[in-house]
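The structures considered in this document are given below.
In what comes next, chain A is part of two complexes: it sits with chain B in the first one and with chain C in the second one.
Right after this comes the complex of A and B.
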């Protein structure tokens, strides 16, 4: 196993709202390794983005607050870091790219300016203006933008969506961070552009060796890029495994349901398919979570003890690298 | 394919002017939909896929004359919709409906679901008396599997999937035969997406509906459609049954689109064709075949003329000089 760069332990993030406190992230733990990608998958509201923002300590306080847990980056607990300490980490050691590249780029600065800013803030010792500019051009070339010398002077609106996301990646990687957090990096992009961006991220990971936390709702993207996966539901990890184990042998009824609700893609059977398997009902409100297992009302395998007698199920290892939080995991043999 | 088509589209074109300068003069134009022809049979689902900006939504809206097409014919059940006006157009809109992508934006936040569903009934004078109307509303909710108490609630009280159900119920209110589904599931989570797809498929069987299903997700389209058309920069570049299109695509663009879909199977080893570059702007499309700057099989011929339609079989048509085997 390669070097561990980030350990998240029992992370709890709460938001105080007018309607009371909600726990958006509830006891999440996972590790990020150098040169590997961990995928966080879940539906809207499952807490995957809040987990990412908590690691970067970008949760607005108030109303949000990290109330418990450790974020160990190379042995140092980021949870205890002050704002100014965090500023030296963000964009330098840990970078983040977001879903919507247009809203995360500043429209009134050239893309060159914006990449240079990162370099100036973190690595400016002894670099001349020209060196910094050259480095920005170099980053644009690295992320595959054609004629980077020209593009470096353009504004975000002059670039296409895919190009903007490339600029974001270039900016995030300018200081060669140890960890790249990618929050739905391809959701806003077309499928052919998505393929380009995922390919680029893989290539850069091989070259630069950063650990990637990839947040997405698309299990296809996970299957193609992640090494390990955690599945989140209502702020908790319900299953974590290596990517092959998760897809071939899902144990949590939610994971299984998610996998089955994707329209299967089999060109030999096109046009003659039956109904899709669905997960009935919808994600419960975080204000009003059921006692016991959060998934009980939608679970096809629900038993009486899931409803609170035994308390909520804990994430337990069932084999090395495979943990599930369910009283009655579904084995492969019971699959339909 | 003996039955006559329910909808026949011939050379449909929508040209938008580009305004520029201080005086907002027309400085150019965009052919968002460029001489598109296709047909849909009764009871079938035609999928329409393409990347953003390829004109698929403009096409869907031009059919219903929500956007006024520039030229071409839309023949629905023997009637040319382009010639209709006023009362006749209103009559035909009872038979053709549309469901939009964003269930958040397409419902009036100040109307209850009951009002939203009553409006089309009143416009088309479909229900006599409150008793009959109430029965019809309940039937509509039953179609889309929403509880009866939904009638007195406002859109914000529902989740995305439920709102999309309300939109579907609204479209069904006037007993249409043909529904344009414009990206109806793209804004939804995957587990909810499956519920809506199932619902649309059930309703199609139950009410004998015909769909034009517009989406950018090829997996969803493959699932729901009997035939699929692929659009690129205002033109349909390939149309075939799903089996033919996904099994043996002829157009290099179709093949690249299919190979770009991330498959939820980590063991799958499929050849990934990564297209270089972006979709060109329709304001200034490349000459000849619009796809040629991104195509790996490009030849001189492709840069000069747009290829004509080639009939591979009765059901499989494409526009390319270098079809794949």
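Right after this comes the complex of A and C.
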């Protein structure tokens, strides 16, 4: 196994709102390895993005607050870092790319300017202005932008969405970080561009060896790029496994439901009359979570114990690289 | 094939100027304003209107080829006095804007960005200032600071920042939630960098527009203050000339009033048109209209 660069342990992030405190991330733990990609999947509001922002410590405080847990980056606990210490980490050791390439670049500066800014912030010592500019051009070339010498002087509005996302990736990787957090990097792009961006990220990972945290709600993207997967629901991890295991042998009813609701070209696979399988019901409000398992009201396999007698299920290992938080994992039953 | 996208990129300001230049009336206004500025500099150097104190003709000589706007009670050339008035007006507009704009930007940006208690204090402060009738506040400050040009600068500078402050605050609130600001944080930028390097350049168009509107407001206010006798002392300004004219009009001497108001009309109108055109050229929401 390669070197472990980030270890998130029992992370809890709360938001204090007028209606009371909300626990957006509740006891999340996972590891990021050098050169590997960990995917975080879940629906809107499951706490994926808040997890990412918590690692960067970019949660607006107040109302947000990391109340518990450790974020160990190469053995150092980022949770205890001050803001100025964190600023030296952000963009330098841990970078992030965002969902909306259209709005993530500052419209009044050229793309070259914005890449140069990252370098100036973190690695400017001993570099002349020309060196920095050359490095920006180099980054643009690395992320596959044609004629980077010209593009470096262009403004974001002159670039297409895919190009801007490439620029964002270039900015994020300018200081060769150990970890890249990609928060739904392809959601706002069309499908052909999505594939290009994912290929680019893979290629750069092979070259630079950073660990990637890929946040998405698209299981297709996960299948294609991630090595390990964490499935989140209502701020908790419900299942974590390697990609192969998760897709071949899902244990949590939620994961199973998600996989079944992927449209398939094979009509015999889907239910009656060729209708798409769905997960019934809605995500419960974080203000009003049920006792016991959070997924009880939508679960096809729910038992009386799930409704609070035993408390919420804990994430338990069932195999070496496979953990699930469910009292009645579906895989077991089907195997009997 | 890609030629259109590879042409030399234009910055926002060049782009805006290009759009402004298409509007002929706005361009004319800009030229008029530049002419006023040049006249003001020449007047300050004593090249234009330097001889306004000299008796050059008979008292109350009506406009003629020699004296375009006639002469005043002491036989001084009204045109020369008008040029001195340009100097006063432009300097008042410029200096008071230079005082009020930094105050407005700074307080507005702080209030908008940090919010919370800072925002509440600043909002309380500017609502209090704006609740006092402007002319009373102007008179108050100029009387406290002692009459004269210097007092007029400060009186206007310290009372006209409220609108800009309010606009900047609103824009900063809008921009601080934008993703590019979050991205600036994600590359390791602190609060000051996010606010002053990333957000402020995005709201600068408001400052430019407000500058042109504030300029003419300051000119009008200076005229009012000087008319009331608490403005400029010991040198001609359009306000003091209009003040003189109120006694002269009964005797049919209209040219001093005409000279002062005509020149004031010119610059105020030009600034108003320019302000409108600047808004059209710089406001992204009105682009391509």
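We adopt the following convention: the second predicted complex is superposed on the first by the 323 of 336 C-alpha atoms of A that agree within 3 Å, B and C clash if a C-alpha of one lies under 4 Å from a C-alpha of the other, contacts with A are read in each partner's own complex, and residues count from 1 in each chain.
Following the convention adopted for this analysis, a residue touches a chain if its C-beta (ideal position, glycine included) is under 8 Å from a C-beta of that chain, and two chains touch if they have at least 3 such contacts.
Everything numeric in this text was worked out from a predicted model, so none of it was measured.
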(request) Check chain A with both chain B and chain C modelled on it and let me know: fit or clash. (result) fit
(message) Using C-alpha centres only, what angle sits at chain A with arms pointing to chain B and chain C? Round to the nearest 10 degrees.
(response) 80
(request) Figure out whether A:162 sits in contact with chain B (first) or chain C (second), or with both, or with neither. (result) first
(message) Once the two complexes are aligned on chain A, which partner has more residues of chain A within touching range, chain B or chain C?
(response) B
(request) Give one of first, second, both or neither to describe whether A:223 is in contact with chain B, with chain C, with both, or with none. (result) first
(request) Would you sort A:95 into first (chain B), second (chain C), both or neither based on which partner it touches? (result) second
(request) Look at A:85 in the shared chain and tell me whether it touches chain B only, chain C only, both, or neither; answer first, second, both or neither. (result) neither
(request) Tell me which partner A:17 touches in the superposition: chain B (first), chain C (second), both or neither. (result) neither
(request) Once the structures are superposed on A, label A:321 by its partner contacts, choosing first (chain B), second (chain C), both or neither. (result) neither
(request) Quote the smallest CA-to-CA distance from chain B to chain C in the superposed model, rounded to whole Å. (result) 5
(request) Spell out the residues on chain A that touch chain C in their complex, using ranges where they run on. (result) 56, 58, 83-84, 87-92, 95-96, 98-100, 103-110, 117-118, 121-122, 147, 150, 153-155, 158, 168, 171-172
(request) Could you please specify the touching residues of chain A with respect to chain B in the complex? (result) 43-44, 160, 162-163, 190-196, 198-199, 217-224, 243-244, 247-248, 257-259, 261-265, 267-268, 270-273, 275-280, 282-283
(message) Per the contact definition, I'd like the list of chain B residues that touch chain A in the complex.
(response) 51-52, 159, 161-162, 189-195, 197-198, 201-202, 216-220, 222-223, 225-227, 241-243, 245-247, 256-268, 272, 274-275, 278-279
(request) State the interface residues of chain C toward chain A in the complex, per the touch definition above. (result) 5-6, 8-9, 11-12, 178-180, 182-190, 198, 201-202
